[in-house]
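Look at the two complexes coming up: chain A is in both, with chain B in one and chain C in the other.
On to the complex of A and B.
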């Protein structure tokens, strides 16, 4: 749409330094937010990127080293493990954690009686502190006979499972605990999207002989697709930053680094390896790599989404 | 057109006056809160108790009053700070570290490398404390010939025993029939495990008798705690983990055949199901496990009270004995401790004030009445809280101080010393400092080795794991010294 002549004039006036009183008020209102963003977001962000190119003592940059910190990080055997594990977390979370909230949302939208009760019960885990949840699950999943789940297994005549001490199961189990806590919140978003679907569409589909699954396929899914897309990208971004779950549940990435994540590695460089030269710079480099990964995922998703959006228009 | 949000542009005189008043008021508040100037030197104390520790807080207030009466030029302020690796960087960067705070002996090297703490050699020299400091602890606080702290006390690793559980499984018993479980037979020989082989045999007894629900020994393997404790196992099997070469360069020797032997002992324990299934246990869990799942564990004497306060055990069920000896007769105890260190941005006067205040806390080598009083008050408060009072490994070797401290300590010890005497009788002869270089990095690598063995005890190749670990340790850390 073309810019109106008056707006154009005002726009030109702004860049020529002719700030009007009204603009001043606008800027004055935005100033606190800009200052806060600058101080708490953009400045630390810029400093972090800058630090990743410098050697450091403590958290103070000392001399420019180019990409040396990135090279060190890439040569650290635990980095590749952490990178791979982070992708595994994303994969498992899509497999386990992505479908369950949609399913719960659909189920709840069909419930007629005690809807509020079920909504509260399903949302309840989201109200518990994340740390409390992972401590509780760590206790439940204790690999010895004292662990509640293993106590049941032993009582039934089985041998205790290793749970979080099993390198093959540690990531899926962590993802299950994350899903247990987070699914309720996501389910509510789906539920609200489902409630915006016009009932007449379902009725029309029924009249035309559509069964339950067909109604889901032809009416429900297309209507909640934008929500699914948004939550998909948000979930990927969130899981890429997984941190405190492995920190607490597997004492910092065990067994033998099998649950190590990039975010956890950045924390370990910054604080636990603080005796290592340029530890803060290595942490910065790791977090920049993680950010790049997140940006990459987002860009790919946006490109994919815009392509899909264009296709129906072109068709 | 009306102005948005009801604001008028241009401003009336009233508005100008109103805004000026607000800015003046804000300025006045800032000035009142921060522009107050006194001639006193403020010293902030990080060891100050938290507000909920009312008994300790009252005691510190008494010490402050006494100190400020003697040294009116100082103003002592409590700034409770529990050291942690997560917070020290942020506090140091923001210049918010207290003038003095306590940490662990593993930390000063990192704190010095990052310029977070201050060299206090000249202050210690002028106070005459340098030669009174325990030589081993002094060495741990010395970097490039400069001293960066004052030791509070030391610890040595030993074997903590759940006495009643060991008696239940027949390993200990009431030998003399006095109703108390004994650690020695009638000839005075220890009934508790004194070698790794005995520890293995006792673990077999416990495992068989408890049907596998209880284990004889706790092996840690996470958060550097596994490597930390394994280094002591390896020394006791006769290994050296770092050596100085002919060229004067230090190298890691994690693949020492004796270290392999120590790892094979862990493997044997795991293969036979004599250890807990967890492969990510760390030092924060020993006291809860000791009260329910394991009957012995390797810990420092400085944390024994956690078994009572956090583990819910009775002090009568606890005993603490020296580390088991290895198959070749070697027996060492990893030795460390807690030092007081001083913020890098503290002035010389502040450091001096903090050091002088240590005397009023009973933590200096001085034998003044203030010092005696403080030690007595510390023990009385601990007794009032129902804490066990054990002997301590003293930070100062000055005979006058040792006589005074021992005399007071002996009056307040409230545990059965038969359960502790072997440890305290031997600690000064078997103590072994941690490896001189890259200790934390070595612990991380050894954690990985232990986890590999615990995860797959039947297939793990100890020799190969330690060879790979040694190669990584030397190439990534030792070669960069």
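On to the complex of A and C.
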């Protein structure tokens, strides 16, 4: 309370008081970074929102059109598909990728044999993320003779899958490859949260006669709940931005746009549909809609984060 | 009498067996004596149920470890296959030969040295920019707190979750307007405006004891002096953390480098791989087994990097709370 009052006082003095030497040095140190943030983040962010309300030729805004670009994209069937697919990606990633890291973190925190080995190996895929891994998966999932997974299926007597060419399976399969890459990193975060649990809580539970599942239910889960909430929101935010996987694995959103995502569509409007009228504005409108979705979840995340700060015993 | 003797012997026998079982159980529990914490502590391993659960747990971990490694292993093994061999029916896992000359052939066919060098340039530049600019901004916001710093702090936080590439069109236009197409500068400097790295630095600086700065100030040290003789040496751990993040991100980055580096000879290795992959199905002049070998070569630096800094990397992603 005292702090807030002092800050308020300082703020009131902002325009009136003399600038101290320290303020000048501070701003001088911040200036280069401020220029960079302006160039790479703030100006593009602002002008992107601006451009979404203008018609454009090439990458240049021409005249104000209000919400016309938003209307156009909302009438574009591929946009609607991309929006729906992006939500599908999020849904599938929560279904497939959300519980696995928690489960692995729990297992790893209980294991005493080869703990370091398991931790390293499970984290390994997160380390070599990159376009190389995405291309690697497109070969693993190749439906032709070159693909090893279908070879296994055939050897076991099954009929070969279409994998990424199957419109019903393309999103879940992409999510599986994303989980393969991301689960290890998330697992480590859970592991560190699990290691901060005060052991006396477990001892108490043991004395009270709580069994294995009861201990998880009453001690473990409540303790890592803040971490679970935080990582849930972060996962949603990162999956909303899915781009490279459909770009590379399904050559830009195939089959028939069934793996198209918002981010990919924003890229395609801008750089591949260069012949269409106002293609740059449509791209801007698409990324503004995506950004709005991300900001929505960021607000939720920050709410969680500040709540966490207020309850340090849970953090 | 005979009955009594046989009863006695059977009692001894069961006693011995019981003692042996107990000893065995004790020995088993001993392997867990170090495990004083966790959901199941060592004392719980008296029950056979805990043993079964533990064995199942280890089994599941082995399965997941296999799933984590198998695709990479497949990639390395298959990259030695010939072009026809890849499409062989029935499928066979091992290549006919592991000829090392193939690595040289693939390397020379695309003159890969240039692209690796380009990647190294971008990575080094990005690391320098990420540490210098984000660190400086965080120092000013966290320690100096010049009048009005909160405006900047709020603006940085605003862009925390919005990825730079979401505003692709204006960013690309800006880079083109400044004449920075085919230039490494925008790729490196872009790492200098990263809200996440800024937050890592700020959190670290916030945790430094404030008395330290006050004491130095009382001794007459200026703000710049404090930065170079106190803050910089103390910041080595966080500089390491941000460097590791930046290296991985810069090595893997594709979209902006792909758009900015239009000159073929300037491409980074990941851009090169993507441009080969996206055109090979139509041009057909680059065999898929070469691409597999190329993928291996491109991730070897990352694997070496991981092997060298494994401890720091796992500690890093744990403490930061956010994965890449």
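As a convention for this text, the second predicted complex is superposed on the first by the 282 of 315 C-alpha atoms of A that agree within 3 Å, B and C clash if a C-alpha of one lies under 4 Å from a C-alpha of the other, contacts with A are read in each partner's own complex, and residues count from 1 in each chain.
We adopt the following convention: a contact is a pair of C-beta atoms (placed from the backbone, for glycine too) under 8 Å apart; a residue touches a chain by one contact, two chains touch by 3 or more.
Model, not experiment: these values are computed from the prediction.
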Clash-or-fit label for the pair chain B, chain C on chain A: clash
First (chain B), second (chain C), both or neither touched by A:67: neither
Chain B versus chain C as contact partner of A:59, first or second or both or neither: both
Which of chain B and chain C A:77 touches, first, second, both or neither: first
Chain B versus chain C as contact partner of A:274, first or second or both or neither: first
Superposed model, chain A: greater residue contact from chain B or chain C: C
First (chain B), second (chain C), both or neither touched by A:250: first
Chain B versus chain C as contact partner of A:25, first or second or both or neither: both
Contacts of A:145 with chain B and chain C, given as first, second, both or neither: both
Touching partner for A:160 - first (chain B), second (chain C), both, neither: first
Which superposed partner A:216 touches (first chain B, second chain C, both, neither): second
Stretch of chain C penetrating chain B in the combined three-chain arrangement, among 147-155, 183-191 or 219-227: 219-227
Shared chain A contacts, counted only where both chain B and chain C touch the same residue: 22, 24-25, 59-60, 144-146, 251, 270-271, 280
Touching residues on chain B, where the partner in the complex is chain A: 3-4, 7, 9-10, 85-86, 88-89, 92-93, 109-110, 113-116, 212-213, 221-224, 276-282, 292-293, 440-441, 444, 448, 451-452, 454-455, 472, 476, 480
Complex contact set, residues of chain C against chain A: 31-32, 34-41, 43-44, 50, 53-54, 57-58, 60-61, 64-65, 67-69, 71-72, 74-75, 78, 86-91, 93, 129, 133-134, 136-137, 139-141, 144-150, 152, 155-156, 159-174, 176, 186, 189-190, 192-193, 195, 222-224, 227, 248, 251-252, 254-255, 259, 270, 273-274, 277-278, 281, 288, 291-292, 295, 298-299, 302-303, 305-306, 310, 313-314, 317-319, 321-324
Interface residues, chain A side, partner chain C - complex: 10-11, 13-14, 17, 19-20, 22-27, 29-30, 32-34, 36-37, 39-45, 47-48, 51, 59-60, 104, 106-113, 117-133, 135-137, 139-140, 144-146, 148, 151, 154-155, 180, 182, 184-186, 188-189, 191-192, 197, 199, 202-203, 206, 212, 215-216, 219-220, 227, 230, 234, 237, 241, 243-244, 248, 251, 263, 266-267, 270-271, 280, 283-284, 287, 290-291, 294-295, 297-298, 301
Touching residues (chain side chain A, partner chain B) in the complex: 21-22, 24-25, 57-60, 76-77, 142-146, 160, 162, 164-165, 167, 250-252, 254-257, 270-277, 280
